[in-house]
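So, here's a batch of structures to check.
What follows is subunit A paired twice: with subunit B in the first complex and subunit C in the second.
Here is the complex of A and B:
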């Protein structure tokens, strides 16, 4: 039954696409949060994914620590690096406007990329973890690590939603995103809120970096390849809310992986950008439909 | 001797890149458009030149077209290709503002790069096209490198001259008016989208020519030579030179290429040492970029020199 085989294959790529999408959600939530609160596109966000992946790798493989301890160190370290960059580099140039901040983040990308290159060197790295176990449901295979990425993305999504809606600092973050001047005049501690944003956004990049190391092999150019996809998801989401990021992450992930059925795999990243171009041409405000501020 | 060589290299590559910086200066510093896909127009020129001048495919070649035309035909085709790509990308995107324009141009460049990398029928895919035709310059009696350095310098000066004429004209003042206050310019009857589109096209043509010259110099056209790194290098050069002046754009590019090339002159004993030097170059470049944008020293100097 040929059509049954095609359906299974399609379902297989769909599952892979959802897993890719979940990773992209983890990688983009922080980027999108920075865009909303700090008001600019932080190209260097993806470099933090690399920082986390290689810190975790160093602690896990070179020092021989357990992966969970290594991941915790990687994530915390990345959050602190992100905070430090936010305070030292971006805060002083805020008055130059978002264009200068965007261009500066390219400089930050170079600096972090160079440091990672110098420290890690060339070659392929992998974490010291057991090989993935694969489970089969109705002929469709899924590995335990893919399932973990999906679970973590879901968990991060839910906790972000709770954080932004239920906690005081979360509400402050949303207020800052909506109208910084008004937020400041209503007594919101702008500095503290901004610091919380940097920690949170960078920590999420850290989590994404660990996940990347779990499901894939690491090389130092990995961060740059991620930024392309993160940008695609973020634009598709209209640089907007958490929910639109989740939706666009899944769309981009599924579109990229399912496209492999018809289009050579080399074009996989191109699918993400073709989507972006189409969306920007017809809906410059993104899928979410809200006019971006 | 090594210094003479370094100087020639810097003038040669510096001038080619300076053409790109000048185009970016026109688009961003004067026109307010953030183009993060400069490399695509450069690559379009280089590929057009290579395809028009190369011999028709034979043996293991996977490309479809080769017209074996003389170099000047390829050179003209390069300008046209870059212009065509600018029409294709500029027409739909120029109504987008600021960061959206940056992202779309970036996206277009990545898509173009991906097509060049994967589509073997254009330029052998990732292998690229080697032994690209270059005009015979033996009649000058000089070293090839020097002739090409002079050619690059001439191209840069010509670009600077034309752009300067444009900016000094009433057209240039309209451009400044649009950048400073779009609404006001619109109110006095200036067609903003149209003028931005024109500037986008005008600035793309010399970038295509520079691509052709770059292909002649390297005699190789492959996707690895045309990555987003080219775009970022040009941006860093523009920031380094201080925005809004033609002299600044040229000096910034020369300084950046000089820093990069002089770090490359030093012979390294081991692969690891070379790798660390490459990383150091990256870190230094990024740091200069951040510092320049934060303190904008040239901007301040210019303001001091200018009677207010």
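Here is the complex of A and C:
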């Protein structure tokens, strides 16, 4: 490593880590919302990321629409698919409890994966967008797409906070998350709140899918491969919390990428889980604690 | 060549598309009768490697049709059953077991590196021959040779060819980016040794995990050290992202890719502008100057309507070898094939098609099958010697630029 450039190099790893973390935030925030309101780990959330990525790809590349229009369609479509799955699959089995719903979500994962395989076929796909442009500040590079992921993660976090604290339906979501029976008895429309949750969580998966397609190269399995890191971030955050997802995503992203300075890159995923294990040893409830929102 | 040891698709199942494709290309999927001999075609039809799998399946089918047109083997006409592995060893084991137990397959053709390694025990236990047209993994250098064969050379030659090219280009500083899988690591290590011996500085040797949204962390140090060239042994998904991110990060040097990227789709995915005149790809290749290859190419164009893709010749050859082995042994089992496969591929009258081989065997002659992909003589590990090509990116296409004949690597 060049002597004078060590700090620059470190900063470069840091930028990569923040970008990785921000993508993880986008991928996890909807997953955590579902966990909090619907009470189970929806493994199929990662597949919705893929649904969005490939829908956006199809509209952008096959139909030749502008990426922004394609992204909007991808996100809305994914939100609707998530809502449909929530109503048709999860709602009827909710009374069986979270374990059954978790296992069922693995089944949903297979079905979505199979449909995506059948519809998309083999090989790789990329959006019709320009190559990333790099900007340099004090010798540290950042690409426009990295900046976009960071901005969207921040925007999602802020919008989510406003939604949950300032809107009627957001407050209903929080009430339902805290105590579904009580919420129902107090006149909260559980069905409508649940629909809002599915739309929002799946729409966020849709946004993550669009960014996945912008940054990465799409193969039919790449979206689902993010599930382990999504779980790591969610567990580290404390499964119930939304705001701590942001902190947790950044910690996991930065730890994984900066670790490459000292540890071979092949061990990046190990860093994520080592971190989770260490945190859970000292704080079994996760970063957020039990009762946080 | 290397390749195809992907253990990626955690929870995916074979899809409707795969089944439809399997049904389509296996043509007459009818019950096995006394006049038929069943061959399993076990390839990845879904996922990143799906395109390679379908090339292999078509190559086998082309050979099977030729064999059946020549009256079939003494065991009957060839019936193929096709299954998708999605590149997963565990899928491969399940599908292979079904092919052997239910379909009565006497040979299984087409598994990738990781799948071959996983199937070795099954092949020996069930006395069923398995042949791969592209599994280069050096693990088979120890495990292969009895019921386990390949019509492609091992990664030792693949890495050596890459090392030779990097040395010949006169680079001073080379970085290695290697996907974390046996099939990419094994040729990369051979190439690394070659390059080190020739005095080239290796600025970084980074082994990375595929399936990431971004490879910026892996690229940071690599780009900071400003190599003349990057040797990238990776799959299409990771490879395309790495190429784009390195270019956006200011990399101005040249590339050498391994076979996964030797497909035209790369130019669409990356953008030809980023590759033209600075990217090269190395892969195991048929010796296209051989008359056997030219005949195969003409047949492929006539019957399939397109030029043969990567490993099509190797796939065509493995089906012919199995059919000739059935013919020569007269024993319509995996053990029969295993006992004859070396005999029909070395020492004797040179033949280059099943029909010629069948006639020669009928005339009581020993035959030596000269394949479309090369002379095909198995060593102790059931591996053949192979030749390698380097292609250069020119005007949005891969163009032949250097050929290393098999004799260089003996």
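The definition used in the following text is that the second predicted complex is superposed on the first by the 284 of 293 C-alpha atoms of A that agree within 3 Å, B and C clash if a C-alpha of one lies under 4 Å from a C-alpha of the other, contacts with A are read in each partner's own complex, and residues count from 1 in each chain.
Keep in mind that, in the parts below, a contact is a pair of C-beta atoms (placed from the backbone, for glycine too) under 8 Å apart; a residue touches a chain by one contact, two chains touch by 3 or more.
None of these values were measured; they are calculated from a predicted model.
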Should subunit B and subunit C be called a clash or a fit once both complexes are overlaid on subunit A? clash
If you stack the two complexes on chain A, which partner ends up touching A:264: first (subunit B), second (subunit C), both, or neither? both
Check whether A:277 is in contact with subunit B, with subunit C, with both or with neither, and answer first, second, both or neither. first
Touching partner for A:113 - first (subunit B), second (subunit C), both, neither: both
Identify the partner contact of A:222: answer first if only subunit B is touched, second if only subunit C is, both if each is, neither if none is. second
Quick one: subunit B or subunit C, who's touching more of subunit A? C
Thinking of the overlay built on chain A, is A:122 touched by subunit B (first), by subunit C (second), by both, or by neither? both
Subunit B stretch colliding with subunit C in the overlay (listed: 80-88, 188-196 or 278-286) is 278-286
On subunit A, the footprints of subunit B and subunit C overlap at residues 106, 109-110, 113-115, 117-118, 121-122, 224, 264, 266, 269
Write out the stretch or stretches of subunit B touching subunit A in their complex. 34, 92-93, 95-96, 98-100, 102-104, 106-108, 110-111, 114-115, 117-118, 228, 232, 235-236, 239, 272, 275-276, 278-290, 293-294
Complex contacts: residues of subunit A adjacent to subunit B: 40-41, 89, 92-93, 96, 98-100, 102-104, 106-115, 117-118, 121-122, 224, 228, 231-232, 235, 264, 266-267, 269-270, 273-274, 276-277, 280-281, 284
Within their complex, subunit A touches subunit C through residues 1-2, 5, 9, 12-13, 15-17, 19-20, 23, 106, 109-110, 113-115, 117-119, 121-126, 131-134, 141, 143, 146, 211-212, 215-222, 224-226, 256-258, 260-261, 264-266, 268-269
Of subunit C, residues touching subunit A in the complex: 8-13, 15-18, 45-51, 53-54, 180, 206-209, 211-214, 216-218, 220-221, 224, 236-241, 244-245, 247-250, 265, 268-269, 271, 274
